[in-house]
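Dropping the structure in here first, questions after.
Chain IDs A, B, C, D and E follow the sequence of writing; residue 1 opens each chain.
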Amino acid sequence: MLRVENLHTFRGRIHALKGVGIHLNPGEIFAVVGPNGAGKSTLLGTIAGLYRPSQGRVWFEGAEVTGTAPEELVRRGLALVPERRQVFQGLSVRDNLLLGAYHRYRKQRESLEKDMDDILTLFPRLRQRVGQAAGSLSGGEQQMLAVGRALMARPKLLILDEPSLGLAPKMIAELFEAFVDMRKSRGLTILLVEQNIRAALGIADRGVVLERGWVKVEGSVSELKTHPQVEVAYLGRYAEASASPGGPAG
Amino acid sequence: MIRRGPLAQLYPPSWPAIVTVGIVLAVIPFAFGPYVLSVLIAVGLSSIVAVGLSLFIGYAGQISLGHAGFYGIGAYTSAILALRGVDGWATILIGMAITGGVAWLVSRPTLRLEGHYLAMATLGLGMILNIIMIQWTSVTGGPSGLTGIPPLTVGSFVFDADWKLYYLIWVMALLVIWGFRNLVHSRVGRALKALAESEAAASSLGVPTARFKEMAFILSAMAASLAGSLYAFYLSFVSPSTFDAIASIEFLIMAIAGGVRSVWGAPVGAAVVTILSQAMKSVVPALFPSAGGEYSILVFGVLLVVILLFLPQGIVPGLARGVLTIRHRWTRPGDSGSAAPGGEG
Amino acid sequence: MSGASLLQLFFSGLTIGSIYALIAVGFVVTFSVTGILNLAQGEFAAVGALTAASLHMHGAALWVSVLAGTAAAVLLGIVMERAVIRPARRIDLLSVVIITIGVDIVIRGAALMIWGADPLTLAPFTDRPPLHLGGATLDWQTVWTVAISGVFFVALIWFFRTYQGKAVRAAVMNHTAARLVGIRPSRLSFYAFAVSAGLGGLAGTIVAPITGATYDMGLMLGLKAFVAAVIGGLNNAPAAVLGGLLVGLLEAFTAGLISSDYRDAITFIVLLLMLFVRPSGLFGRTAGKRV
Amino acid sequence: NSGGGQGTSPGGGAPSDTVKIGAELSVTGPASSLGRPERDTLQMVVDEINASGGVGGKKLQLITYDDESNPTKAVLNLKKILDQDHVSAVIGGTTSAISLGLIPTIEQAKVPFFSLAADQRIATPVKPWVFKLPQGDNLVVERILAYLKSQNITKVGWLSSSDDFGQGGKNTFEALAPKYGIQGVAFESYVPTDKDMIPQLTRIKNASPQAVIIYGIPPGASIATKNFAQLGFKVPLIHSHGIANQDFLTQTGSASNGVVFPASKLLVANQLPDTDKQKTVLLKYKDDFEKKFGYPANAFGGHAWDAIQIVAKAAGAVGGDPQKIRDYVENNTKDFVGCTGVFTFNPADHNGLTKEALALIKVVDGKWTLLQE
Amino acid sequence: MRMAEPLLEIRNLSKRFEGVVALEDIGFTVQKGHISAVIGPNGAGKTTLFNLLTGMVKPDQGKILLEGRRIDRLPAHAIARAGITRTFQNIEIFQNMTVVENVMVGRHLRTTSGWLTSFFSLPGRLRDNRQAFHRAMELLETFELADRAFQPAGILPYGLQRMVEIARALAAEPKLLLLDEPMAGLNAGESRKLAAFMQEIRHTGVTILFIEHDMEMVMETADDIVVLDQGKMLAQGPPAAMQRDPRVIAAYLGEEVI
């Protein structure tokens, strides 16, 4: 489905990805975890065409797509829910969702209403707010909208940058359940960055730990869950934390 | 390389640049004739306006298309009062006071506007001031303006020759640059930059955003007024077309071409724009003898576009970044975590 | 003042207001699609007017001249987008605005070289004596101006309600997000410049019979139209038409009823007072931003 | 004179076989329709003189700068002319505001200056180094007033442009009208870039004047004339010399029929009686100019023609020294027949024209026609 | 724990936006020296509550008292002066300023030099610069951000921008620190460090009120929890009680209680 080889990306002067390789099989849920500044968002952005890699290649469904523009990739079935939500602030919730289906609007106009209804059922909160300007939504509501908008594109590969960010626990559970359903019902493949590692590893099949632009650990979820480094640093199962936040970044 | 403390890395001292520029400017009259002086005087006057503008635009994050109006208030106040026998220096201060007052009066409602609304409102303000200059004939002399403004004096020393005004104007300009640079590298400057980026966050930290914006506006208007007064004493003549909307836009071009996020951007922008448009007048006809004045305008426009396409942050920050990149390549090849320090030259 | 005189002032305001409106719409089209305030907008009108006038003076049929004037402006808009706006995509909006001023200077210089400084004239679209209505006279060209800006008014209301119209607004609200849903902002930008330049050019050809065509006509028209566009809300095209009419009518009535000397000042004061009461524009909706 | 600088004295750097003349003109910008014929005329005359061997064995060299109709740029240009080009005389200042702005610098530099702008303040009071070629507003307005009086008109409406040209006319009108028993019943103004003057004219119409005076230059004056016709205003329409330009006729078409205005005789040169002293000069200038540049000659170019001829004559007589040229012009210009009029300068008069310098012209069937009085 | 003494009192607070009831009749108190948490489903009105407390929006009704003094009519900057600073859910960092300058802005209230002092570089200017700089660097050291001090804050990864915001709010030495989802974007290990750090801050005398969806962290850190739902107060009490409260479970936590 997706193959990434030896990806190098610079953000300004910062060498954010230093040779990352991953691959996703169709229908798989793949998790990327790692500390702040590891390059997770950069990885997703590079795959989705937002940033140009300085080296390395990306294949999607067997075709090379390195450096292809995001507007092109979404037509091919790859949708990204970016960091920081990025909703269309001045447009209503409804318009935001409709625009999610921009690339298939002409051909499949009839199915849009139904898809939108499904999404509003998944996020009842959004249904209550459907006419409101997206920019005035609460943080969590915007997050739902961002995910919903990407789903409106009916992607084959859904890429999510911290989808649980700002969502209430109940909502996270429901959302992740929905992801599993969609994988089952339409064979959706999911690439997911999560800080809520417990939730992520709960639904993922495989994953990697990214640190400072490198893949530190790679494997199936059960391998990751028991990997000592993952345990200590990310699942937080250690007795006494030192009294300063920030993590091993920088 | 001088090793500097970390704070000096953030806020490098301004005196080295000021002294260097001051020395260079001081010797110019000995090397060049009055034409060069007159161009540099124009640069100096525009610098004062543009420095104020760049505080208001680059630091406080606002926009003004009306500063020529304030420039005009200064010029007309000095002209009108000096013609009625008021001491020249006093007219400068009175001009700044009036300008400050006008700016204060209009700032309340105006600065509540944002972005393009603010641009339009300040454009309107400038145009209203300009119309007053044109129409209040009994005081301003109407469209053809006022002539015969007596020169500034100190005791028996009269500022009547270009070189004298040249020194006066540049001493003032460097003072203003020094002051604004102090300002941006201070608690006040930080607060301005902060409110430009997020008013919500700035106010949540105790910055009275409305008042700081007003102060920045008033201060930049007063700088323009100072320049206007000096202009009046230099030309001994003022007329309204000098202070129209186009003039406001020209000041804006200078500030932005030089780089509004750097205090030195303003004088550099003023110099580049003034000297370019003057140089075009000599260069274009020399290269294409058949060309008329229209070519120099055209070439000037092209150069403006090219400069900003290649140095979108403006000349000074653009060049500074270039220098840093080169130095960076030399000293630390390959990857490195730390980017350039944010302090500007 | 008599009723006929008031009506006359109203017609006058309508004429000048529709001219502002036509150019203001150009501002709004570029702005609402690309987020760029194109201060060279007035020059499209100048180029359209000059092209049409000079062709017509050389014997081309009126409609051919008008079409050619519009086409020349479209071409110019396209060239501008490709040569300047596209390379400037990544840079600070304020710098882009100054770049458009640079383009404005270039176009004006070029127009001066091509057409010279003397005004050119274009025949009115309908060569008939003015209409007499209620004791006031109405020029046929005014009827044209008002009619065409009316057409734009309706067309724009319609367009921005369509799905594609929403996509256009989305593109400027969030460039990245727009690309992520498959909108091609760069293509939109191309069309926006072509369309707004065309509108500007057409406006120029309509204005030319009233005012003549000069190389420097764009600047002042552009500034006034900018004011009209801002009053309307800048990304609200139908409101820009209303803004243009408002500015025109204000000008006519202040000049006719209060003072022609202080006309622009009074007009501006009224506009500013309106803005102070409604800081997000007369027809603007409050933006949906919060913290 | 400069701050310890090298300060070569004016004129000193020029090789002695040329006389340099600086021209500071508004070739572009709002005043370009005046500045361009001025520039072309100067160049044409200089070429002609040099082709016929120069003046007093010396060639003339013309150095032209464009101020884009901007007073500050004009001053910068002038300084450059004085400082780098070391000229013997300066011609220019297309608009009144610019001419007035140049004067202080001229006075300091002590180089004779020939202003091409009309404002009275340029030559009154007399400034030693400043001469003025165009007829002042006083001559123009007096001519208009005399005409109105002869038509028994006492109440007039006034519309002028809100620039120095219109303002100068208005000031003069207000000062002189009472002398002729004429009263202004409405005063309105327009911004030169305005596209529609119906509101102003509506106001004037409501004041029921017996005639209307429009004091401005095209395109503003043309639009006002068209609006005047459109409103069906039936009283006589008087203009100033500001419309003495072919553009006015093309822009206004039939709307300008019947317009009366005083202007330089250039416009009606071939209709002048043969007894008119200026006729041959005017016809030759008009002919030469139109042949060379392909557009109609106008009065502004005529002012430039007068200026350069006067300077050339002086340089021929006394050489390139600015002081000598000034003295020569002031004392030896007597009954000089130019395009603008017949000049006689003296220390008390640096304009040197009489009201014979103006003809009264009427537009008849789209043509300038000399109005016989 | 210190003697319970209310720092912040909220009474009958209501706010609606064009028909949307964001908050209705909210009232609770925050004890001095406590760490209190506000939880509730998305759109419950938590952020709106913070916006009201900091003067970013004005209440339709009700009172807010800080140490017994009404602050609900004060402009935002005056509320900061009164002693409340905050972070933002959607990160409102000064992107183009360096990290250290961001935190230095936090010292605005703790320094005094004004326009004249700054313009003419009177002694206060440099003194304030130095003071703000040193305090900011100290804070950055604590947050392990010192090596990024001179980078533009906008290029930091999301998680670190949160830290900069906290450091910035703390630099003002507030009496009450409001944190809006401070742990969003941090992983468990990082959250834990932050929680420990919050305890440290509390011991320096700063009261903390925070919004958080990470229930594990809330239960561990908070002394007291306020639960909002659909703009109304659902419950208030100690963590253990809240975790067991069926209303809270139904509205917010869902079946799977952690």
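Simple rule for what comes next: contacts are C-beta pairs under 8 Å (C-beta built on N, C-alpha and C of every residue); 3 or more make two chains touch, one makes a residue touch a chain.
This structure is a prediction, so every number in the text was calculated from the model and none was measured.
Comparing the centres of all chains, each the average of its CA atoms, the largest separation from chain C belongs to E.
Of all chains, the one whose CA centroid is most distant from that of chain B is A. The chain pair C-D and the chain pair C-E differ in C-beta contact count, and the higher one is C-D. In this assembly, the C-alpha centroid of chain B lies 31 Å from the C-alpha centroid of chain C. A straight line joining the Cα centres of chain D and chain E is 73 Å long. Per-chain Cα centroids separate chain A from chain E by 28 Å. Computed centre separation for the pair chain A/chain B is 48 angstrom, with centres defined by C-alpha atoms. Each of the following residues of chain A touches two or more other chains: 12, 14, 132, 136, 250. Those residues of chain B in touch with two or more other chains are numbered 135, 200, 292, 294, 297, 337, 339. Across the assembly, chain C contributes residues 112, 219, 261, 264, 290-291 that each touch 2 or more other chains. In the complex of the two chains, the chain D residues touching chain B come out as 1-8, 27-28, 65-66, 68-73, 75-77, 79-80, 82-84, 96-97, 100-101, 103-104, 108, 119, 121, 162-168, 171. Of all residues in chain E, those touching chain C in their complex are 51, 56, 88-90, 92.
Within the complex formed with chain E, the residues of chain B that make contact are 6-7, 9-11, 178-180, 182-183, 185-191, 193-194, 197-198, 200-209, 215, 219, 261, 337-342.
Those residues of chain A whose C-beta lies close enough to touch chain C in the complex are 48-50, 69-71, 74-75, 79-80, 82, 86-91, 95, 98-103, 105, 132-136, 149-150, 153. Remark: chain B residues 57, 63, 109-110, 112-114, 116-117, 119-121, 123-125, 127-128, 131-132, 135, 200, 245-246, 249, 252-253, 256-257, 260, 292, 294-295, 297-302, 304-305, 308-309, 312-314 touch chain C in the complex.
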